[in-house]
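Chain naming follows the written order as A, B, C and D, and within any one chain the residues start at number 1.
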Amino acid sequence: MKIRVGFEITHTFQQPTPMLAMLNVHPSREKDLLTSDIISASPYAPISVYTDGFGNLCSRMTAPAGDFTLRADAVVADSGEPDVYAPDAIQIPAENLPDDTLVYLLGSRYCETDRLSGLAWSLFGGVAPGWGRVQAIVDYVHHHIRFGYGFARATKSAYEAHEEGQGVCRDFAHLAVTLCRCMNIPARYATGYLGDIGVPKDPAPMDFSAWMEVYLGGRWYTFDARHNKPRIGRIVMGRGRDAADVALTNVFGPSFLKTFNVWTDEVTE
Amino acid sequence: MKIRVGFEITHTFQQPTPMLAMLNVHPSREKDLLTSDIISASPYAPISVYTDGFGNLCSRMTAPAGDFTLRADAVVADSGEPDVYAPDAIQIPAENLPDDTLVYLLGSRYCETDRLSGLAWSLFGGVAPGWGRVQAIVDYVHHHIRFGYGFARATKSAYEAHEEGQGVCRDFAHLAVTLCRCMNIPARYATGYLGDIGVPKDPAPMDFSAWMEVYLGGRWYTFDARHNKPRIGRIVMGRGRDAADVALTNVFGPSFLKTFNVWTDEVTE
Amino acid sequence: MKIRVGFEITHTFQQPTPMLAMLNVHPSREKDLLTSDIISASPYAPISVYTDGFGNLCSRMTAPAGDFTLRADAVVADSGEPDVYAPDAIQIPAENLPDDTLVYLLGSRYCETDRLSGLAWSLFGGVAPGWGRVQAIVDYVHHHIRFGYGFARATKSAYEAHEEGQGVCRDFAHLAVTLCRCMNIPARYATGYLGDIGVPKDPAPMDFSAWMEVYLGGRWYTFDARHNKPRIGRIVMGRGRDAADVALTNVFGPSFLKTFNVWTDEVTE
Amino acid sequence: MKIRVGFEITHTFQQPTPMLAMLNVHPSREKDLLTSDIISASPYAPISVYTDGFGNLCSRMTAPAGDFTLRADAVVADSGEPDVYAPDAIQIPAENLPDDTLVYLLGSRYCETDRLSGLAWSLFGGVAPGWGRVQAIVDYVHHHIRFGYGFARATKSAYEAHEEGQGVCRDFAHLAVTLCRCMNIPARYATGYLGDIGVPKDPAPMDFSAWMEVYLGGRWYTFDARHNKPRIGRIVMGRGRDAADVALTNVFGPSFLKTFNVWTDEVTE
């Protein structure tokens, strides 16, 4: 299967402003790029690229004053398989986890493990460890949080999302990640493209999506507490501890987001 | 100068429990270790060591049920010089910062840059960038927060510390770190030994200390908003984005902290 | 497309011997694992896993005395697309390369850039930079080295392979990597599964394969100097500077390789 | 003790040429910098800084055509203690070594463990593991290699240095590193300033020095096969697998080294 992905994002700046963007397809999907996903800036600005401590591709640039548009458009090869389902995947005891998974057990900006640990153990302490316990967490989050685009708030944390009972895909992911970590299951936050391949067409404007990856049985698996079913055509852009690590853009000065378009569609011809 | 440092910490566990400890002298001080700072466990438990993503030495072990004591005692060579004072150190524009300092501009578990940005710019926007701006931040934090051991709380963030106006050295550091990041100055959290060499003897029981490191003029400098003056004999153990990254111990199960002793004294003979 | 991959490798040891294995599918293909590629040891030995500085999954274990077999068998989803062909990909000037690609310009154990720089410039200095220059290097290596299983030698370097004019896929890759680096094109060594999907069946016993990845136009592309044509179903296991970084096994003591089987076939049903 | 260190290096270029420099004091000595070691370029060229995969500070710049001078001059605080002597430090079995030390057991560009393993085991297999075995290796190298500035050669490896029996400090270090690795002792190559504090004044012009660090008993210790005695005032600049990882300068084009001055002296006032 081939999927066309891309975006066009315009900010308005009052003065030249440095910014970071995490808008490339993740390096783990690089081999699948049938055409380049190079980011173009209009008006032109030089872009330099680096890899952050979590393995994500980051672009640095200084936006000029006025309107500034970033754009990319690429075709990505995909197996067409849905998210892997592995009900026998076991929970690895904390003492046997690989060293580099341990950071995904700790608290982070939007994932207050210290505040939600009691809740987590009271809800899931009685569920058998492993895939089933993660699914129980995902089910709980899926039903506890009411989805609505109006519920988005940049400072909202997992604890707050739980208290308020409403949020966007980012909040579903933060809460599920936090509850998994409380149960000693490494969990990380992922963001990227997710279209509607294989599901009814969503009338809302496309946006980037966010989901959770958990470490079970020696590898990372995808769970999506917002949709709560395996999906086809997920194309990851960034991974980290939470949204603070994988902001699509970080702007170091005042700015205004003028337009925002994302696309991800199966190429059928 | 030679400084003797060490600790003895006893937890009580109800069942065998995995734990992490960040209790070694930081690798950057390894060459100064005149005697080994190896951690001993009593009763014996095998300890394995790894380096985390921030460059800190971490020890992993499984504590048995009952009392479990970790202990180390070492002699460290030190130049005897106070924290470096460099009033001419400039603030590097965000677009010129090295890639690996950028993570220290972002929000983290206890440093909510998104919530304190307005405050930071209103207070320090009018202060010339560079060393002086950092010092203004440190002065502000030093006077705004009232120190008291009773004000410690594991979940307290920089925003909460600012609201409450009281805290311990960890809170002074978190607030100073957060305000620096809001002003686009990379700032990280550091923890380690700090005795009373060169200052009046502190009658309170010794504890580990926490402070801030900021990136100015191409390198990291130490600032200590709790004490707000250059100190002698600071021996770093861990560095990270905030206390969530450099917890001295992380215990993956219920536990009780039974005793806690720390020492750091000049060796004079 | 689904591809079944796996191996069974038996060493004989005279005494318990620590060893490292880089025998998992690379983390960048983790999402494609439809069934687990977990490594089993027979007789049983505990295996611990870590990620090395190049992003590869490494397994550590202590083999007991006697025969010791490692085995894995997994099904991997694949797009079925051949290696990407991008003749317009430009060569990025050295001063604009991302920092983390620079290590792939330097010499390494089997890639003596200092010894082959004169040759490289004399052969390829007149070829326009970019994809075409890499292809010219790959063509040169493909024709200069004569393939033969009998030409394998663990200590053979790129310089030696060039002198001798014969080698195995590892030597083709080392020489191409070295010549690219001499021309200031970042190049790394990759190893993994490569079957005969889409090409005539190879009567020789399956082995792991090795190839080159080069950094052009902002991303890494695959080139294979041994076969010199785009192939389908390449599944990477390890990446590094050369074979020293991605040895499939590293044994810290005397051993004898008793049997070695590898499979990689399209699953058709 | 305070030590003044610095250098002035002039290359001549025929055309603008990108280059890398590893000429800062190592980040692990940052806290000891009483004055800045910032590198100045003359004529002016913008310098950007990054940290490589081994933790070293690297500077990138594009040198203009003509003479191009890099210079730094700093005062560094030092404990004045000689290299640590720890005859009881044990050799950690390979299966218990921390993951991130394992890369220092493998072969590298100038350290052909595969070629020297037989020699190593025949010479040192009978020496008890631990500090004494490392000292035996260092003694062997110290006596086997004849020192002479005329014996320097950029492509010389440990194997070649052993065959030829002559070399400079870099070759002493490479050979000692290689023999340690063959015996399963992690060993890395270090370079930096080493003056003549506490020893008779050396009439030869100052140069940077190179030495070995080995991992014993849970930490890294310094050994210097060239001098073979503890020294005072060693100030590390770079660490890596061998000289290929820590070249003081890497120039991506033709150049001529015109002048080269290094200083490192105790400040006595």
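The criterion applied here is as follows: contacts are C-beta pairs under 8 Å (C-beta built on N, C-alpha and C of every residue); 3 or more make two chains touch, one makes a residue touch a chain.
The chain list, named the UniProt way, goes like this: A, B, C, D = Transglutaminase family protein.
In this text the structure is predicted, and so the values were computed from the model without any measurement.
Shared contact partners of subunit A and subunit B, listed by label: none present. Here the C-alpha atoms of subunit A line up with those of subunit C after a rotation of 180°, rounded in steps of 5.
At the far end from subunit A, in terms of centres built from Cα atoms, lies D. Between the CA-based centres of subunit C and subunit D the separation comes to 30 Å, rounded to the whole angstrom.
Measuring from the averaged C-alpha position of subunit A to that of subunit D gives a distance of 43 Å. Counting only residues that touch two or more partner chains, subunit A has 50, 99-100. Pairs of chains meeting the touch criterion: A-B, A-C, B-D, C-D.
In the complex of the two chains, the subunit C residues touching subunit A come out as 1, 27-34, 36, 38, 48-51, 55, 77-81, 84, 86, 89, 96, 98-100, 217-220, 222, 234, 236. Of all residues in subunit D, only 18, 20, 50, 52-53, 58, 60, 62, 93-95, 99-100, 102-103, 105-109, 111-112, 114-115, 154-155, 184, 244-245, 247, 250, 252 touch subunit C in the complex they form.
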